[in-house]
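Listed below are the structures to be examined.
Two complexes come next, and they have one chain in common, subunit A, joined by subunit B in the first and subunit C in the second.
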Partner chain A sequence: MHGPRLSHIDDPGPLRIPPALTLGTLAVGVLGLLVFLFAAFTGAEETRQSAWAGFFVSYIFFFFIALGAAAFLAIQYVTGAKWIVVLRRLPEALTSFLYRGGFVFPLFALLGTGYIYSWAAPDATYPYPNTVKEWWLSPGVHVVKVIVYVVPLVFLAFFLVKNSLRSDRRPDPGFSQRQLRLSIIFLVAFGFLFSLFSWDVVMSVEPRWFSTMFGVYCFSGAFLSAIAAMMILTFVLRRRTDLVQGRHLYDMGTYVMGFATFMAYIGFSQFMLIWYANLEDETLFYIRRFEGNWMPLVVALSLLKFIIPFLVLMPPRMRTNVYAQVICCLGILLGQFIDIYWIVMPAYSDTLVLPGLVNVATFLGVAGIFGWSTLSFFASHSYLPAGDPDLLSSVNGDYLHA
Partner chain B sequence: MARLRVPAVLGFYDDADDLLHVAEKARVQEGFKNLDAYSPYPVHGMEEALGLQRSWVSTAARVGLFVGAFLGFTFQSWASAIDWPVNIGGKPFISWPAWIPITFETGVLLAGFCNLFALMIACGIYPKPKTIILSKRITNDRFVMTIPVKDPEEEKRAIAFLRRHKVLKIKIADRIDQERERVVFRAVPEGGGTESS
Partner chain C sequence: MSLALEPKEQSPLLSPSIKMEQVTGDVLQPMGRFPSLPWHLAFGAAQLLTVLLIVPIVYQVFYGLGRFGINQPVGWGIYIVNFVFWIGIGHAGTLISAVLFLFRQSWRTSINRSAEAMTIFAVMTAGVFPLVHVGRTWVAYWLIPYPAERELWVNFRSPLLWDVFAVTTYFTISLLFWYQGLIPDWATARDRAKNKFFKKMYSILSFGWTGSARDWNHYERCYRQFAFLAAPLVLSVHSIVSFDFAVSLIPGWHTTIFPPYFVVGAIFSGFAMVVTLMVIMRSLFNMEHYVTMRHLELMNKVILATSIIMAYSYLAEFYIAWYSGHEYEQFQFLSRPFGIYAIPFWIMVICNVFVPQLFWSKRVRTSLVGMFVISILVNVGMWFERFNIFIISLHNDFLPASWGAYWPTAWDIAVTVGSFGLFFTLFLIFCRVFPVLAIAELKTTLPSPSRGSRLGVGHHAHHDHYADTDEEAGLGPDGPPRPAEGS
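Moving on to the complex of A and B:
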């Protein structure tokens, strides 16, 4: 329970990651994306459609993990949380995807607007002609919207991480004040821009349908998958250092369980209100996603994202069991992918479609870039924020009785 | 916080960390049993240090949760499908998604009640609170370790152990006066510690 109290922690330096691994991940990423580009620009019309859809699902999945991690980071700064300091490099590594290539994906997806969104297709028949919504969902406005949503979030997240990295080399007495101010700005911007991003970029694949809860729904998925990804990195970090202790795992596990519950709450609230009101414009989303063999995905994602983690992590001793947690978190990540797939793909097909080879290659492509940005982050920066005065508190557990 | 076992040697400290370390040593190295501690606020890690088992309070809450959820769901099904079936918007009589919020609420309600009453019973403050005050300073700035002792031999050992661990003051609770609901103290052999009371 009580390890030896430390009075000083040396900067441990970066993790030793074989350069072959980093380069290999990057190579997988580049190859996968080349396959995607080949299919998206030279394939038959049907192949292009499917390639762009797969690209959209893959990039949203990783982009949401990175955004969720940035929000997690900002929340820890705003609440002045000290327990997280020893683990802070993990959300920072995930966030680094945003400015190390991640921001390119939503911008690049603009080239495929005509394939991804039915309202932007050349022969589009918009369900509400001559309304503001028709103008709002037009390709030109869409370009402006995506830039306005993505660029500020990426910039703020970049500074959030960079300030913390800078404090490693040069301890900064004003560090927590500055990060607090930046995090508040980030969270306010995130609240607006992430909701708008969810509505305009993700929800508009089904242009007739709208749900004001959709932003929160996407946030809950993004946040949960970011925490799940952090949990998996915690497992890796724990093999390198014994400073990450049982109580850190316990707190992370509580976070996973809490946000799995939050996810279910938001998902069910959205479904129940629409199901109960039974309005034509609203139920079409769920009808298309329950019929035509799409139902198994609903069962899978509710099991993976809520029921299994909730029941498995309920006993307190399971929340210090790193294997149970990692298995639950891998399930959550799979469930989050299924969730996005289930939201997006029925817009293109009335019956269940499984990912094709090009889609798998595209997913590996985005995953490779994501993995490369995480690995090279750990290879070039210390895995503990040694310059942060709260690191000792986090390791010694002083925050528990402060 | 179970009831105080008497006779017991009480060691007074003014620091939560000291209390934590003394409790762990008393249990692990000296092998004292049934240790308890009193503090002005919850001290994290105290349960592990004292070697307390997980209480049955959370089990009671869990039972309350499942019973409450089951009853809530059953009552809604009975009311709208059997007792007074009403066709609402062409939906089936048992439209379970609409009942989830109420099922959740009844589950939480009963879990909350079970938790509260189980806690009161476990702490011995049900049906009426009986507070036995060891020292008024426990609500302010003192942390107290209680070591129940069986015989004078063990009592001596406990006193010696506490003295070795920079105790501020030692008291011996001899018995509990049930009528007046207070602890009767006994004089400590060879002075009471470093702090004068």
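Moving on to the complex of A and C:
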């Protein structure tokens, strides 16, 4: 926008989204999940195994995007960031998946514990039998763990979004102070619970392997994919309003590039330390993921998640170019999916397996629910946080002089 | 519903009593006059402490390493602890100068010059330890690989060599970045100098800076590119220092979280050191109007945030040691809180995890005494953290027959205390002969008649074409130091 300095902004109201689109997305979601349920409960043993594995990969992908968006939101409140206010509805829309159906997925996955985790199979063998790990990784304890890790985060994220939505209707002088307090609580809880979730729910698909970095690794993937998803929504929002300007895109692009680099740093450090030390219990994770034709996935994910976005977004001009950004971000999302697939699937197969039809339907199922939650969020809430006192600062660029 | 609320006004970064015209005089004033008595006392004390560094090193050359407490199996003693400690101290400087710059945190302007100086002096202090430790210091340059000359090829597989590259790169970039920021200020000093000799000297130091638009244009581009180059160095240096330990097979050392954990620890201790130095400096040189409570409070918040991340890292290590089911790993972590080194361990936990939590209270965060004490305790804690990691993991070897213990001797303690002497000597010289605040950058944060209100209309036209040109998008409207007035 090159127009004059604005002195006030009217509440623009929700985006006009055809109900057919919202309902259609929901229908795809329900149909996909029905296919999954059919395969997971009536199929042959091998079909069930593959269906549950596909379900696990799909829900972790979307669940991580939503959690990453919630963490992004909380960080913006804690740092008092003003540039983001005009875009704040985007992470809020992604976060809303957590309480609009998203929390059901990790709980539902508990039904498939016996298929997802080798330690939960009836004939499970433990690398260290009769240790406390045998108790810690057992189906009963797993139920408690998932509930304890997921429920508080979903609740806190719910209030984080709800407070902001409420301030649209009734401007609240104590808004930033209240959100600041809530965000601090959320971030501290997130740091510990998300890491425990990463270790106990994701890392334990390979029960013998362990890495202290894995929590940070999952966080950087979740955060990066959340920013990438936001970038794609920015593209949509920019067509509706000229309040989203070049410098917002520029800052988002810098964020994408910065966290793509962070992802590479964390991923490389984890790999290098394990590869160099070459200890049996640790290095087996990478050996299984490099051999048996899994290697192309490693190449793909490092290109998509780091090398391409890093090089493409390096010139400042590219960071204000919507198309370059969106293409890079679609690549990042694909890379993040490949990353999760590559972490999880070699636990079930020594050689490369590609997703089957049931897996594709399952992915579309979870994606449908995710898409429905995002679309209906935008259809029912204003796309600008008009009640936020910092919205003008974000639009006029006053934060640049603060 | 339309918006009626105005953005909340923040407390000013600089004291409102500061006038544009007094800044240059205030900053340059310590350079032009005979130093005060407190400075002389502080400098004398630092000199005396430096003696404590030199004497043990000379003594060691004659009597050998046996004078220090090292033995089998603890072959790495106080030298490595101090090396990592001092490298860590340096991190806040690069973070403030590069990362906060890229994040457009304008509060960095009052502290960046001295924080960067602190980085350089900390790395120099750190460098003393490996240089003495290589034994033949005069051939330390053999670590630089150019085999055609000497037919000597270094071991590229050793993380200790990676350290050489990481630390020298870091030192070089930090030094150049710091010096670049100094150039306009040297020119200001030159223009103010009355003495012919000083005029000549500052003229050489400022590389003939004229203050033209062209100069500033080059300067701003270069500053930004340096910031991008320096930002990854914040991560890389301490990550590679952590590789020295993490690539090994020793329980307690070999853990994948080490790189980011070391980096956060370094930022934590570095910021604590900046707070310590700033509290001293602002009273020693009457800089209270420039380094205000808001700067100190913001730094205290960074200390609080990094302290929580430290707590996370400690817990992550304990959790995975337990989860892994490895008995060596578990024994190692049990012997930290309950073994013979329990006291250093608990000092570390109390100083690094519990004490900084006091910063949740705004009263503590804005109390000079409070933050001074806490910042020193944080660095005590961080020194003990390195001690714990390095010593505890070594003292219990895999076979109980080769267990040992290491306790610092008087010589170890002297070297450690003496390194502070060297650091403070360098820092006090800096305070005496350098412009301790970035004059040009500082002026950009002051309201001035030409800028109108800080949200002025005149300024607005400039950055609304943000996306139009490479330069504007790249250099950014708030950009690096903008020529607020001729230097």
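Methods note: the second predicted complex is superposed on the first by the 399 of 402 C-alpha atoms of A that agree within 3 Å, B and C clash if a C-alpha of one lies under 4 Å from a C-alpha of the other, contacts with A are read in each partner's own complex, and residues count from 1 in each chain.
Throughout what follows, contacts are C-beta pairs under 8 Å (C-beta built on N, C-alpha and C of every residue); 3 or more make two chains touch, one makes a residue touch a chain.
These numbers come from a predicted model, not from an experiment.
J.: Is the arrangement of subunit B and subunit C around the shared subunit A a clash or a fit after superposition?
T.: clash
J.: Pick one for A:V132: touches subunit B only (first), subunit C only (second), both, or neither.
T.: Second partner only, subunit C.
J.: For A:L400, select first, second, both or neither according to whether it touches subunit B, subunit C, the two together, or no partner.
T.: both
J.: So in the superposed three-chain picture, is A:F158 touching just subunit B, just subunit C, both, or none of them (first/second/both/neither)?
T.: In the superposed model, A:F158 contacts neither subunit B nor subunit C.
J.: Comparing subunit B against subunit C, which has contacts with more of the residues in subunit A?
T.: More residues of subunit A are touched by C.
J.: One more residue to check, A:F310. First (subunit B), second (subunit C), both or neither?
T.: Once the two structures are laid over each other on A, A:F310 reaches no partner at all.
J.: Quick one: is A:Y276 in contact with subunit B, with subunit C, with both, or with neither? Answer first, second, both or neither.
T.: Touch partners of A:Y276: subunit B and subunit C.
J.: With the two structures laid over each other on chain A, which partner does A:P389 touch: subunit B (first), subunit C (second), both, or neither?
T.: A:P389 sits against subunit C, while subunit B stays out of touch.
J.: So the two structures are superposed on chain A. Out of 116-124, 314-322 or 440-448, which stretch of subunit C collides with subunit B?
T.: So the stretch of subunit C colliding with subunit B after superposition is 440-448.
J.: Residue by residue on subunit A, keep only those touching subunit B in one complex and subunit C in the other, then list them.
T.: 1-2, 272, 276, 316, 397, 400-401
J.: Can you check the complex and tell me which residues of subunit C touch subunit A?
T.: Residues of subunit C touching subunit A: 1-8, 10, 102, 104, 106, 232, 235, 239, 243, 246-249, 254-260, 308-309, 312, 315-317, 319-320, 322-326, 454-455, 457, 459-460, 463-468, 470, 473-474, 476-478.
J.: Given the complex with subunit C, which residues does subunit A contribute to the contact?
T.: Residues 1-2, 5, 8-11, 82, 127-128, 131-133, 136, 168-169, 171, 173, 176, 188, 191-192, 195-196, 199, 210-216, 245-247, 249-250, 254, 261, 265-266, 269-270, 272-274, 276-277, 279, 281, 315-317, 319-320, 386-387, 389-393, 396-402 of subunit A touch subunit C in their complex.
J.: List the residues on subunit B that touch subunit A in their complex, please.
T.: 16-17, 20-21, 24, 43-45, 48-49, 54, 89, 97-98, 100-101
J.: Can you list the subunit A residues touching subunit B in their complex?
T.: 1-2, 268, 271-272, 275-276, 278, 316, 397, 400-401
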